[in-house]
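Once you scroll down, you'll see the structures, which are given as structure tokens.
Presented sequentially are two complexes of chain A, the first with chain B as partner and the second with chain C.
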Partner chain A sequence: MSRAARIGLFLAVVGAAGMLPVFLSSFRLFQFTQVCVYAIALMGLNLLTGYNGQISLGHGAFYAVGAYTSAIMMDRWGIAYGWTVPAAGLVCFVAGFLFGRPALRLEGLYLALATFSLALAVPQILKYFEHWTGGSQGIVLSKPQAPWGLRLTEDQWLYLVSLAVTAVMFLFAVNLVRGRVGRAMVAIRDNPVAAQAMGVDLALVKSLTFGVSAAYTGVAGALSAVAIAYVAPDSFNVFLSITFLIGIVIGGLASIWGNLFGALFIQFVPNWAQDISKAAPWAIFGIFLIGFMYVMPDGVAGAVRRLWIRLRSRRVSQKLGDDAVPSEAHPSTPQGHRRTT
Partner chain B sequence: MTGRTRTAVLGAAVLAALGLASMASAQTPGVTATEIKIGNTNPYSGPASAYGTIGKAIGAYFKKVNDDGGINGRKINYITYDDGYTPPKAVEMARRLVEQDQVAVLFQTLGTPSNSAIHRYMNQQKVPHLFVATGATKWNDPKNFPWTMGYQPNYQTEGRVYAAHVLKNHPDAKVGILYQNDDYGKDYLKGFEDGLGEEAKKMIVLKQSYEATDPTIDSQIVNLKNSGATVFFNITIPKFAVQAIKKAHDIGWKPVHYLNNVSSSLGTVLKPAGLEASRGLITALYMKEVTDPQWRNDKGYLEWVAWMKKYYPEGALDDQFNAYGYNVAILMAYVIKQCGNDLSRENIMRQAANIKDLELPLLLPGIRINTSPTDFAPIEQEQLAKFDGERWVLFGDLFDAFRKQ
Partner chain C sequence: MEVFLQQVVSGLATGGIYASLALALVMIYQATDVVNFAQGEMAMFATYLTWSMLNAGVPYWGAFLATLIIAFVGGVLIQRLVIRPVENAPILTIVIVTLGLLVICNSVAGWIWSYVQKPFPSPFPSRPLRLGAIVFGAHDLGEIGVTLLTLLLLFLFFRYTPLGLAMRAAAQNPMSSRLVGIRVSRMLALGWGLAAVFGAVAGMMVAPILTLEPNMMGGIQIYAFAAATLGGFTSPLGAVVGGLLVGIVENLVGTYVSFIGTELKLTVALAMIIVVLLVRPSGLFGRVHVRRV
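Showing the complex of A and B:
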């Protein structure tokens, strides 16, 4: 896709999403705000797992840290939510970086276990520091009003803010993966030894990626605290981390825009499952998940990519005749990941 | 008309329609001439899913009400969603009920964390948040939260009842406590410690906590035994109460064992834990236990059984939660009936806050529902009972929290 077409598509999607407050009820906007929040969190996890190959089963912990940072700043120190979101990102960047350093020694399953321990520990730690976090009672927040006298409801304003943040984080992520750092990340994922031989500083890039990934998820957590107006340790259980993993696989590993579909999936499919069967909603969810994996094993982004290649190769073969037909299959990387363009 | 004018007219028409639609329901949301919408969230999945049968029982009772002609000519449209015992889902489902389904009231939403999450929202939206299925003390706060009302005797009161009994009957005991590390567990703990007063520091030798997401609490029980405790206050939800009772029995620990009321169901807790292992357990009751043969010929019990067989045949006849759901649904139907034809949210709240000496079929004799604009705790009386290997045997007098304070 040409650069102009890409920019046009981005603006069109953001524009269309921005129009939703006109058509949707407060409740639906609340749900779509959650979609934006999840999209940001999934972008974070995807940077780490999809692009850099480090599996994390603990991103719920960074989400919680972000949410609580925001809640504590708003509730205890009276700071406006606008400042708490970047602050949460910063705190989580540091937390992620600090976690990433010792985690350098760990690969694959061992890293997954280490991050899983984070997911288990954080809710309990939150309950322990009762003075700051309100313990198991949590912290109740107020939703912010639209500023500058704009005639928007709280839900509409929050949605637009979340949308704006999502768009900005999206651009930043795309920029990151297309640049030098992004190539270094992917190189480390595909072949760490070769990457090191080419001069990539493994330790630094991996830790930085962890930091950035945690920052993204922290920003998402902070936004969700404002949207739900309540944080409690019960909100950040182990299943949340697993849900994020589901989201990035559905959306497509090593894709930034695919995370939007992952977010839509993890927000709406559990509700659909509940509407279908009150008795066993998670069984239905499982069926959806399995079905999805069967039809689109590379996630939404992967499926679209393959479709695009097929369309493009057909167009090229039509232009050049049957002599020169590029292969349809993308060369597979050692771990079976599709590389991004 | 030009394209632009057409768009403007269409847009205006849409806005006008939306405006009209919202106005029509603004007066009495969730109510029409033929139906009233009642919303509910329950944990049908997750660690607290044992409670999910309450939501189903309520639905089954409302079906009976509808079959009998409804209330003042209106059928009950009962809408219930799963919140998995997690606050974010509870918020989402409550918003769905209030904003999308436009229910008149939220009824018997279950779980302290879920209700905590929607507490402020319900009061901001001015939607009756009635008879919440949690005994946390904070639901009785009409001054600050005039739209939220509790139902069962609150946890602090119950804790005090046990403390009073310990002080009277086991003044030299060493007390060990197992509690769930959240609002609910800490509420019970506070009531118990407050009830022991100055003796608390001396008597309590060990407190152990657990998370609702923990797979097992066996190690906590072992620790409690090793602390030398002779009295055990067991603050656990059903899933963990079973483990606690079983483990204590397995390791040969036989303290005076107080079990919180929320896990006192014979079918869900005592049977799986083992009836022999459960012998000697003490709890505080406010309802007739459906497994107690003394109620075999009781009118209220027989009506309940008949209803279960007809409307909720897949429900267990020894599960106290099914009796709980039935009882509280009767209370809700009563409030709706008292509203007559004025089913505005204000009037529903007013009627709920004006119940005098109401008897419900499955409350213990002598226990009455009482509410007033300053008293949002419908049930404030309890009686202690001991498990004799077969059923809960009541003993002692009715403990009236209202008068004790």
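Showing the complex of A and C:
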């Protein structure tokens, strides 16, 4: 796709999304705010797992840190949400970077294990520091009003804020991934030894990626705290981390725009499935997880990418004759380490 | 002193449960380089099957044995149907598949049996046993006994039976095993079946204490991970020793370190995992991997 077409598509999507408050009820807008929030969180996890190959099953922890940072700042210190969201991002960046340094020594499975255990332990830790976190009761916040006398309800304003933040984070992520750092990340994922031999600073890039990924998820957590106006430990359990993983698998590993699909999936599918049975959402998630790994391992984004390539190569071959069909464009899907015997 | 001994014994009892689940994890890891994140949930599902049988009037040990058989078959089926298609895929794929299993087991159990906590009977008498000034719960001792018995049977199986030898060979060197005529993929399926059996034993031993509910095994699973990490993922003996150590440490830390108490127990397990992975990633008994470039 040409650059102009890409920019046009981006603006069209953002513009269309920005029109939604006109048509949708308060509750639906709230759901779409959550979609934006999840999209940011998924972008974070995708940067780490899809582009850099570090499997994290504990991103719910960073989401919780972001949410609680924002909640504590708003509740205890009366700071406006406009400042708490970037602050939460910064706090999570540092937390992620600090976690990323020892994580350097953990490869693939062991990192998954350590982060899984982190995710399992988070609600307990949150309940323990009752003085700060309000324990099991959590912290209740109030939704902010639209500023400057704009005639918008709180939900509409929060939605537009979340949309704006999502758009900015999206652009930042795309820029990161297309640049030198992004190529270093992918190189480390595909072949760490070769990457090191080519001069990539493994430790720095991996830790930075962890930090940036945590920052994204922290910003998402902070936004969700503002939007829901309530934080409680039990909502940050291990199933949240697994939900994020589902989101990036459905959307597509190593894709930034695919996370939008993932976010729509994890927000709306449980709602539909709940009508069937209380237990159905998770059963459906599980089946989708396994099914996607068999059928569409690179997610929706990957399937679209492959379709696009096939359409383009057919057009080109029609123009230039059959000799000139280009080989499959270099897909940036994760290869990982193939198992031997 | 009595408190100490008491805590050590109950630590050994819970450690036996962690050892069982950790053994299941290690068995699968040794053969396939895969950590089965769904092991705890499969164990919970098996325990629910026992509960249904007990509710229908089947005597305890009959239900126990029947569950072990069903768990074995279930493990084999899961390996054949769910895991084998993605056997040679990258690690992330297999992690995701086992997480999918975890989620499905958990939600199906909740759907069939609801999320209400159910009491689960213990096969051991409720009278505590006295040894001098120390009181032991009969269930604790019974747990240790069951764990030791299953371990002994497993040891005898692997050491002295041809099938056990074949399984060990398939885990250690699949290519050479194929050359001597061992059906490696069948051994893998058997390995999953046996692991499911161990998980079921762990589940049935812990259910009387924790009361049966779909999220029962979550905490146990993290302890089993800690145990397998501490002992080394490539060593079954390490899994057992690690399990017992984790159980003892958990109890002693909970008793003697006041600010941890019972609320931060999972954090202790997490800390153990991270410390072991940083200091000695291969665990106490595991093989150290040296990667040459």
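One rule holds in what follows: the second predicted complex is superposed on the first by the 305 of 341 C-alpha atoms of A that agree within 3 Å, B and C clash if a C-alpha of one lies under 4 Å from a C-alpha of the other, contacts with A are read in each partner's own complex, and residues count from 1 in each chain.
Keep this in mind: a contact is a pair of C-beta atoms (placed from the backbone, for glycine too) under 8 Å apart; a residue touches a chain by one contact, two chains touch by 3 or more.
The structure displayed is predicted, hence computed values, not measured ones.
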Dominant contact partner of chain A by residue count, chain C or chain B: C
Which superposed partner A:His59 touches (first chain B, second chain C, both, neither): neither
First, second, both or neither for A:Arg305, with chain B first and chain C second: neither
Partner chain in contact with A:Val193 - chain B first, chain C second, else both or neither: second
Partner chain(s) touched by A:Trp282 [first = chain B, second = chain C, both, neither]: both
Partner chain in contact with A:Lys206 - chain B first, chain C second, else both or neither: neither
Touched partner set for A:Tyr294, first chain B, second chain C, both or neither: second
Contacts of A:Ala232 with chain B and chain C, given as first, second, both or neither: first
Touching partner for A:Val249 - first (chain B), second (chain C), both, neither: second
Touching partner for A:Ala112 - first (chain B), second (chain C), both, neither: second
Residues on chain A lying within both footprints (that of chain B and that of chain C): 124, 127, 238, 278-279, 281-282
Chain A-facing residues of chain B, complex: 44-45, 80-82, 85-88, 91-92, 95-96, 99-100, 113, 116-117, 119-121, 181-183, 185-186, 211-213
Residues on chain C engaged by chain A in the complex (per definition of touch): 33-35, 37, 82, 85-93, 95-97, 99-104, 106-108, 110-111, 115, 174-175, 218-219, 221-222, 225-226, 229, 263-267, 269-270, 273-274, 277-278, 281, 293
Sites on chain A touched by chain C in the complex: 49, 53, 55, 57, 102, 105-106, 108-110, 112-114, 116-118, 120-121, 124-125, 127-128, 193, 238-239, 242, 245, 249, 253, 277-283, 285-290, 293-294, 297, 334-339, 341
Touching residues on chain A, where the partner in the complex is chain B: 25-28, 30-31, 34, 123-124, 127, 135-138, 140, 224, 228-230, 232-235, 237-238, 274, 278-279, 281-282
